[in-house]
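Note that subunit A is present in both complexes that follow, paired respectively with subunit B and with subunit C.
Now for the complex of A and B:
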């Protein structure tokens, strides 16, 4: 390996690492606020990338059907609960948000022929299509069992993951070349901006502080007038945004299939675990490490790339376990 | 014979006679159900009972399959040697993974197993001597009693015999001293640790046993198929195994069989049906499984087995108390007046809060020392520091002349200290008797192998007899088999005392034992504590009921704001102006 290759690999590693860092942040965020270990995080990456690719190829993205379907399901659940609580006045807003808006979006897609739109608008359209899936999934899968143990929430997260992967295959997403230039700089810069933005959001805004309060003590936060389900929806929205945006960024670098998101998301996890699922900066640093390791591993032992990356978790866990020594009481 | 036993006998007969009438296709399906149920059974032990989980069971199946496949094809070894090698390898990996991940929060194990499942899958697929993604073929058939098991029909009896043996062993294990320790992991780890259970060890035992079940299933699979490749050992299959356990009923041994059956049949059916519906091929059954899982975890978290049980209610016969057995050996109590516990300059800091500030106290054998003080004075913190549940930050705690402040709670319990908790820590679904038997954990020694074989019945009878004896002593004889959670709170506190007594301690720490008791119950409790004191036990008592304390305690220590405010005989304390001010507020 000469210096040039080393530098190229380093650049590659940093680009991927930045993406993993973003995902790691989303995972830490979701876990901290809702105690959900959000295995489907990677699906948003794949959905974001594939939606953009479909738009550019002039095809109707499969995520649209997902959005319409999930929207209808959420509307059904919400209307049922509104009828039960005799809050019939809420029904129009529910229908507007979950059914009418997605339908308008569908109409727009039919009318606009997105393949001819400027790239920036295509990116925005992709995000608008994918991001609402986050809070909808929270509403349907996690909100009804928000008080369950971490273990149950994790199993549900895995169930959501396999469902989404299956649906991804069903809507047969295709992959096409996207046309973002100056990828490395863009990826690293966007990650940095998002990380700083998240820092300010959590440290300086009342919404961010409310989310942190919910993370620390759900009951206490509720007594202070913070709605736990609102906090859950917000952080799932944020996680979906981060995921879909990562997908848009990563699409030109890596080939994305309907099930690629899982491995990408898991690499973010390895980073998040370095940070103990609690610390944002350490998680980001861990994710960068994963990216670099992956990149150099693919040079020396490409067949064993995944083995090496996922085996990294063992020394990391060992290190973390040596740092903790208490008997934890499971909920 | 109860109706459920008849049902079981009918089921077994159907299993035995099945191959005589069933078609090859159904035999194959039943073989797979049996193999999957073995893995799911391990998950029942791990997830449903132990409260831990693993998505990497498929990788353990793979270890069992590949170990034997490689040794028999490349080196011509006997399949039985392959089995031993697989089991040894699996145990080694499970012990390593368990040692690393199990000390931390519950979610690190599943995450670790996801990563490990993926690693191993890629390893199988990329290592040349394991055949890469094409796999290994030409694996020899098993020979049993000189008979070569060549067809699925031949294998059928072996698979179901192994499965039923595992079911029996698992049931035996759960109904034992080691089993109670594993059952306590889910929601009672802290209590179990204070009763002397080595909870990390129990977790590793559960994890390793589950891995070994999976390995056994893999070995059978390899010699049934006579061919292995990485696909059936992927993470997706690991997820499916967990789905089987959850759908069937993750806390029930038979739930594993039910879940394996449902998922296997459903998968077969969906794979025939869905691709036609959607007009393309793919693993669409996973959509249905995913949705089914979400639905079950929302609406019937215990799975389908308990729902099935409701259709066949067992007879609630009155059970007699455990049979008399030879009493367990007892500790020789130190002579009255010997100092048991000496706390010197002990402080406990939580961040900026100093909850205990240079506390000193001594408890002697044959005396009752009451620790009183307003709410928030740091009494329970002091208890946790003494018993090792939450060690002190500085200062010393000596028990029977030995420094113990750095020992884990279970080691302190082993030395003869036992305690109750201010917030009752019982396992609500477990019977009162078994809850109390956890207290006697350290008085038994037979390990989980004996438990699985039920060769420890003598010891078990003595433990249960001891537990029942303590319950009778505490006036709870009529509640032996009630679920502990069904008792009123005051009685639950007494169950905690019985549990502490079952450990045969020389020092008893009681945190608000009289709270929630009625007048007569309080009197009975006071009589019991006096008897224990007269037998030579030392008792340290936190209590708010002043009549109870002052009539019972030999000496009283008063705490306020983490510090010792006063110490003396009950009469002196009642007249102490500092104490009066702390309790009633000063006169302005």
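Now for the complex of A and C:
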């Protein structure tokens, strides 16, 4: 390998690593706040990329049907619970948010021909279609069992993953690479901007601090009026945004299939594990390491590329279990 | 108690919280039953009693953390089964729990800020002024404002927990064992502050094992024993009640 190849591989690794870092951050966030190990994180990547591809191809994206369906299901559940608590005043807002807005979006997609819109608008439309799926999935799958054990939450997360991949197959088509000049720089720069934005959200805004507070001390947060379900919805929204945004970013440089998200998400997960599902900077660094490792592995032993990446988890887990002592929660 | 007697003690101050025949069960075990309790505006009411009598359970039930049976009327509104911690916080009920439940890896300032979270979300933007008021009450917190809550001493933690609760501008402040694990000097300081809160019009429900200190500061007291209220009355009356002296005040000793 000469220097040029090494540099090219490094560039490739950093590009992928930036995406894995974003996903690792989302995984750490979701786990810290809701204790859910969010296996379906990668699906948002695939949905984001495929939605953008559909819009560009002038087809109606399958995620629209998913949004309408999940929206209707959420509305049903919410209206039932509002009726039970006799909070009938809430019903119009529930219907507006979960049924009317998605229908308006559907109408827009029929009226406008998205294929002719500028790229920026297509990207925004893709995000608007995919991001609401995050809180909807939280409401349907995780909020009812928010107090369950980590294992139960994990099993439900796997079920959600399988369901979403299955649904992804319904509106599947692959989206080939259309090598864009400078896309790799765009990926790294956008990821960096998003990470900085997330940092400001968590360090400087009261809503971000409220999410961190929930992760630190659930009871304390509840006593401040920060409800667990609100925090859950917010962090699933962020996770979906990060996923869909990553999908849109890598769409032009990677071939995305309906089930590509899983592998991408899993590599973010390896990064998150390096940080013990707790530390944001270590998770991001771990994810960069995964990206670089993957890139060099694909040069030397391309057949074993995934094996090498996922084997990384074994020494990491060994190191973590030897190094970390079990500490009880504060006080 | 006669209406006349009632008036003599509480004046015309409105009732903040009224509880009738409250019962709480853990599974089949009844932890509290037949609890009647009343707190007026600007009044300090204490619930004293031994360990395991159900004092913390009582506060958790009032705060909506535990399901309870019976009638709870808060600010004139009967509380239905759909009452939640969040809705009670919104209406100015706050609890400073026995374990303080601070956000250990956040600064003192951020802990206080989150105390005003619900007001902030409700559109109020007066959290900085409120924080100045809290700093006036607890100057120690201002000195420590950048420090992480997890590194504070026991007394400072209690101050921060109370300050954080005051950030919500509560109408009813419930304190669970604020003296627990603190040095006598700090306990005196905390109780002095509790007594001063009376002036702000907030109603305080103070749950304590330290009966002597609690009865000194409170206007009215209840003795909770094995899940029931056994004795109640104005603090001065309670403090001279032979049963209370025998069980909780001792001969000058601290319980």
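Simple rule for what comes next: the second predicted complex is superposed on the first by the 317 of 331 C-alpha atoms of A that agree within 3 Å, B and C clash if a C-alpha of one lies under 4 Å from a C-alpha of the other, contacts with A are read in each partner's own complex, and residues count from 1 in each chain.
Criterion: a contact is a pair of C-beta atoms (placed from the backbone, for glycine too) under 8 Å apart; a residue touches a chain by one contact, two chains touch by 3 or more.
No experiment lies behind these values; they were computed from the predicted model shown.
By the touch criterion defined above, A:266 reaches subunit B but does not reach subunit C. In the superposition on chain A, contact of A:310 is made with subunit B only, not with subunit C. In the superposed pair of complexes, A:151 makes contact with subunit B only, with no contact to subunit C. When subunit A is checked against subunit B and against subunit C, the one touching more of its residues turns out to be B.
When the two structures are aligned on the shared chain, A:160 is found in touch with subunit B, with no touch to subunit C.
Looking at the shared chain after the overlay, A:2 reaches neither subunit B nor subunit C. Of the two partner chains, subunit C is the only one touched by A:213; subunit B is not. Overlap of the subunit B and subunit C contact sets on subunit A: residues 330-331. Only residues 63, 65, 80, 82, 84-86, 89-90, 94-95, 97, 99-106, 110, 113-115, 117-118, 120-121, 150, 164, 168 of subunit C touch subunit A when the two sit together in their complex. For subunit A in complex with subunit C, the touching residues are 85-87, 206, 209-210, 212-213, 216-217, 219-227, 330-331. Residues of subunit B that touch subunit A in their complex: 47, 51-53, 55, 97, 100-101, 103-108, 110-112, 114-116, 118-119, 122-123, 126, 185-187, 189-190, 193, 199, 236, 239, 242-243, 246, 278, 280, 282-287, 289-291, 293-294, 297-298, 301, 389, 409.
The residues of subunit A lying in touch with subunit B in their complex are 37, 39, 140-141, 144-145, 148-152, 154-156, 158-167, 169-170, 172, 263, 266, 269-270, 273, 277, 303-304, 306-307, 310-311, 313-314, 317-318, 320-321, 324-325, 327-331.
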